[in-house]
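Scroll down for the structure; my scribbles are underneath it.
The chains carry the letters A, B, C and D, assigned in the order they are written, with residues numbered from 1 in each.
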Amino acid sequence: MRIGVLTAGGDCPGLNAVIRSVVHRAVVGHGDEVIGFEDGFKGLLDGHFRPLDINAVSGILARGGTILGSARMERARLHEAAENAQELATRYGIDALIPIGGEGTLTASRMLSDAGMPVVGVPKTIDNDISSTDRTFGFDTAVMVATEAIDRLKTTAESHQRVMVVEVMGRHAGWIALESGMAGGAHGICLPERRFEVDALVKMVEERFARGKKFAVVCVAEGAHPAEGSMPYEKGAIDAYGHERFAGIGNRLAIELEHRLGKEARPVILGHVQRGGTPTAYDRVLATRFGWHAVEAVHRGDFGNMTALRGTDIVMAPLAHAVTELKTVPENRMYEAESVF
Amino acid sequence: MRIGVLTAGGDCPGLNAVIRSVVHRAVVGHGDEVIGFEDGFKGLLDGHFRPLDINAVSGILARGGTILGSARMERARLHEAAENAQELATRYGIDALIPIGGEGTLTASRMLSDAGMPVVGVPKTIDNDISSTDRTFGFDTAVMVATEAIDRLKTTAESHQRVMVVEVMGRHAGWIALESGMAGGAHGICLPERRFEVDALVKMVEERFARGKKFAVVCVAEGAHPAEGSMPYEKGAIDAYGHERFAGIGNRLAIELEHRLGKEARPVILGHVQRGGTPTAYDRVLATRFGWHAVEAVHRGDFGNMTALRGTDIVMAPLAHAVTELKTVPENRMYEAESVF
Amino acid sequence: MRIGVLTAGGDCPGLNAVIRSVVHRAVVGHGDEVIGFEDGFKGLLDGHFRPLDINAVSGILARGGTILGSARMERARLHEAAENAQELATRYGIDALIPIGGEGTLTASRMLSDAGMPVVGVPKTIDNDISSTDRTFGFDTAVMVATEAIDRLKTTAESHQRVMVVEVMGRHAGWIALESGMAGGAHGICLPERRFEVDALVKMVEERFARGKKFAVVCVAEGAHPAEGSMPYEKGAIDAYGHERFAGIGNRLAIELEHRLGKEARPVILGHVQRGGTPTAYDRVLATRFGWHAVEAVHRGDFGNMTALRGTDIVMAPLAHAVTELKTVPENRMYEAESVF
Amino acid sequence: MRIGVLTAGGDCPGLNAVIRSVVHRAVVGHGDEVIGFEDGFKGLLDGHFRPLDINAVSGILARGGTILGSARMERARLHEAAENAQELATRYGIDALIPIGGEGTLTASRMLSDAGMPVVGVPKTIDNDISSTDRTFGFDTAVMVATEAIDRLKTTAESHQRVMVVEVMGRHAGWIALESGMAGGAHGICLPERRFEVDALVKMVEERFARGKKFAVVCVAEGAHPAEGSMPYEKGAIDAYGHERFAGIGNRLAIELEHRLGKEARPVILGHVQRGGTPTAYDRVLATRFGWHAVEAVHRGDFGNMTALRGTDIVMAPLAHAVTELKTVPENRMYEAESVF
């Protein structure tokens, strides 16, 4: 068999581990050929690819990024890909395509699949918000990076008698904020799933200071929103070129808390530090299993699905379901975490 | 309510996170009182305990070890505890006991429970081999430590043209070896669940060298055994005091490989480095959830059970089941990992 | 003897290691008594202190922050302390005071010393800018944290084809930017010691992209300034409360680069993550040696000085010199680093 | 100019950083050509080399090992190299050779230099025992790895009430044991520079237990020796093939302590984990500076020397001196560390 593989969308620790695993399983396990398309679907459309043998994936397991590159693509070109799905498969002589990517990629994969390309998807998002899988790789690494930052901030916040607002990734789902907030022992956690009352945060911090605690750490997902009317300050700041900037919730919340508390509140925006670099052991194992099972699905002719973790098993889930519903943090998890506002 | 908590058995990253979570949930969430027995069941029998309030658990979330201490206890004294279960509950005025521990602790907990003590167990083992839960806390940290060691060994093995035999924990179940071997990209993995052929390992190493690769890393669980007749060298070495020593499989396998390959093979016995120190974010979250749910179970009167992870949920599993069957690495996981011998 | 110790100024990894070392050397080595003043000079003036024995410093070696607390103090009160230096020494019955702190603390220490208090200073700054010592503890940890962030950003910058501007600490001296920039392989480094030309940075990034490199990382010290006229955008942004915000060079430079390059440029402001948490082994050793030598100086009656690293030795340097001249990055170090703009 | 570079001897974190720095400075800074000989002096003699341009060293700064490979070579072949030094320089058309290596490599380099090859050495040893330089790269990484292990062992030793004997590298000089022992807070440190009394160690442990401390950690350099008569048990154990094994001081000392104390004592032999993997920021900076200055020395025609750190400066030191005297831990450093036995 001849299998194509590509990575699309934002960076995510574990992409190289999937690629390596696909090549190992296909080439060593089955005697297949593997080709890697460069820069995601762009490589597929424009004919940029290279053969991937065992040597090509040597030493990449622990490395961040993706050796194949990744580029976001306009919707129009994705449609172009879908329209030419069968022709593309023929052009490259591939029996299957394994696209590794997030929501957008999985949607595109489904279009390709519907149009006749034999596709097995591998879900990828540090946000952990794909509903058909218990976890996605990259998430554990992001949580670890955010937790280490909170660990460090806690001692320094104490020494400086400050409020720290740590903004972590998660536009629509607050998993990173929830788990790094719990792991780091943040005193407040704000999620996209529940509008938070700034007053309640202010009260929590004041009570801490009243109890003699000299600091507070608030962990806020980038997609968190204050309750209607709870935070008058709804805009970013205007930069010297007249553009609105720094409108992220981390910056705004820190300013608001400082304003109300009369105490220094510092925003820490972790940003892309969370999505690069060497993956944790957990993410490497999950990514490796996803790659292995994707190849097995190809050999079973089990197309139109993607790999998914259920409990301790890797199963196949329809690409169709993957993208219809976002997996957000449910009420009971917020209740459990105690410090969700 | 008044709740007792204790930690028993070997060290495991996350114990303090459970204690902290029990105290937070019980004291802040429910207005309970919590007392901590020192040195496991010993403190329960001998009356060594101290009250645990919020301040007592401040700053311990990320710390290894257990603030309550832990000691192994003879079977006889455990029976003594079971016989006096109700009297003990009365003596300390506790409405429930939350013992945190491994197989031995859970067995003792079950005895106490059967004898009338209201008990909610929290399972603890870095080995991940308790069958009613998908994962146990401490395991992720152990895998991370072992993986980091393999990462470091790989570059140095290459430079020195050597075979490295890394022995990791896992007497009856090979989870740590399996996952750290996969995450670190070990070329061979040996588990307690399958007797390995030394010949096959030798062949693998020779083929690697023939292909121009200058090193090999074998990750072996302490409980792995060679196939009958596969490794003539079955004993440890005799020390200067006449005792047999170094009989661990890591040491023996390295000697055997060196003997057969005519190449230096070095054992690296990670030992207790795997079970101490700060827990990973994953383990802190799981430990925190276990503690929270244990307190909830107490308040529901849901006794005789222990906390367990199923998929993404924390559920209660009978203490009775917890200890009857060991969760070992199944065939399909070995098949998946490819390098299991 | 009876020795007082205090920590003042901002957080710095290694403070606890100094305190522990002072107590170990004084109490165990010399049979002294040690008392710790709380919250820096405030504790000294207000009489908040506690005895420090071996148990009080158990387990703090690897912990960030300071068990004694630290608070900035107004100049007026420092003068009050200086005026009453001898009375204070008598009040607490201390034969010597060991203040651990940065420039401000060392200046205050010198005033106390001049006024008759027997003082041995221990310099502390993550900025590494005290001229009489080769290195200060805390610096190595700050560089390590910044380097790990750059390591992670490099893979993700590549995947997203972006320019990353990492702002690190260093108001007057660029040591952290220099060393983390070198260690992380930043493509541009901007220091307070040399005004940088934005045009030159723009050109460097454009040349990288022209050579097919898809990203660039610029590491900028918070105290770096663009050359006169080089960056029209000299102000921060105006927040919703009308205050100027985000005027830090990291934010401004990212906006400017984005404006000129027409490519996304993201600021990453590491902030206080650099100054908290567990110290590196290097910092623990240096801090421990400083504490030990401070006690020895007390016993020699060698007052009015502070501990300093020279080559591999710890020597005593006059407090007077410590604060007169800042140790900035010299020209030859910039030349060496190659990527300093 | 055309410069040859090679790495020889054991693995050491920072080798790749030197290679990268040599290439950057030579190719970008001076417009030189650089060729890299493979597997140390072997590549020089056998003609295995490859051109090194900027792309060849892209992404290697943070990677352990050496992209050029490294092999130990017999003395005879080194003499062969020395005898043909000038012919070799002519054969490859190189104007200078930059060998990066330890004592053996520097000795060979000196022979080559004396025989007419223009040589600039770069010292490399994780042991930090080269006398003309304050520090060598690789050492900081080794200390960090050993310290992290001690950190983890301390919590687990406490829980299990055990004595842990951690053996670290250092055959002739105890720098790693000294600094990781200090940084990790080991209760006993044993160095090659001073024969230790086992009785004194036993007494220290007993006193700790008497004081209610439940554990002790001893950090021992592989080259440490007990005082004459202090430890009757002087041999290793005899393995099943009749060879003496496990004769390292870590294993022997653990057995001896267990024997005398009647308490479990566990050896932890860190071995090659200390010398592989990603270098610390400190080591990357030092290695990068060494590479840069080596190229500058080449351009100044400053041959027969090696790079060295003195205080904060990089200077050139005669290769002749480098290898005549080992830099061992002096008495005052042992005194300072307090726990050296």
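Assume a contact is a pair of C-beta atoms (placed from the backbone, for glycine too) under 8 Å apart; a residue touches a chain by one contact, two chains touch by 3 or more.
Keep in mind the model is a prediction, meaning the values are calculated, not measured.
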Cα-centroid distance, chain A relative to chain D, in whole angstrom: 40
Distance between chain centroids, defined by C-alpha means - chain B, chain D (Å): 34
Distance between the centres, which are taken as Cα means, of chain B and chain A, whole angstrom: 30
Multi-chain contact residues (two or more partners), chain D: 151
Chain contact topology (line, ring, star, complete or other): ring
Chains grouped in pairs wherever the two touch, ordered by label: A-B, A-C, B-D, C-D
Interfacial residue positions of chain B with respect to chain A in the complex: 24-25, 28-29, 61-62, 134-135, 140, 143-144, 146-147, 151, 179-180, 182-185, 280-282, 284-285, 288-289, 292-293, 310-312, 336, 338
Chain D to chain B touching residues, read off their complex: 10-11, 63-66, 69-71, 145, 148-149, 151-162, 164, 214, 232-241, 243, 245-246, 251-252, 255, 259, 266, 268-269, 271-277
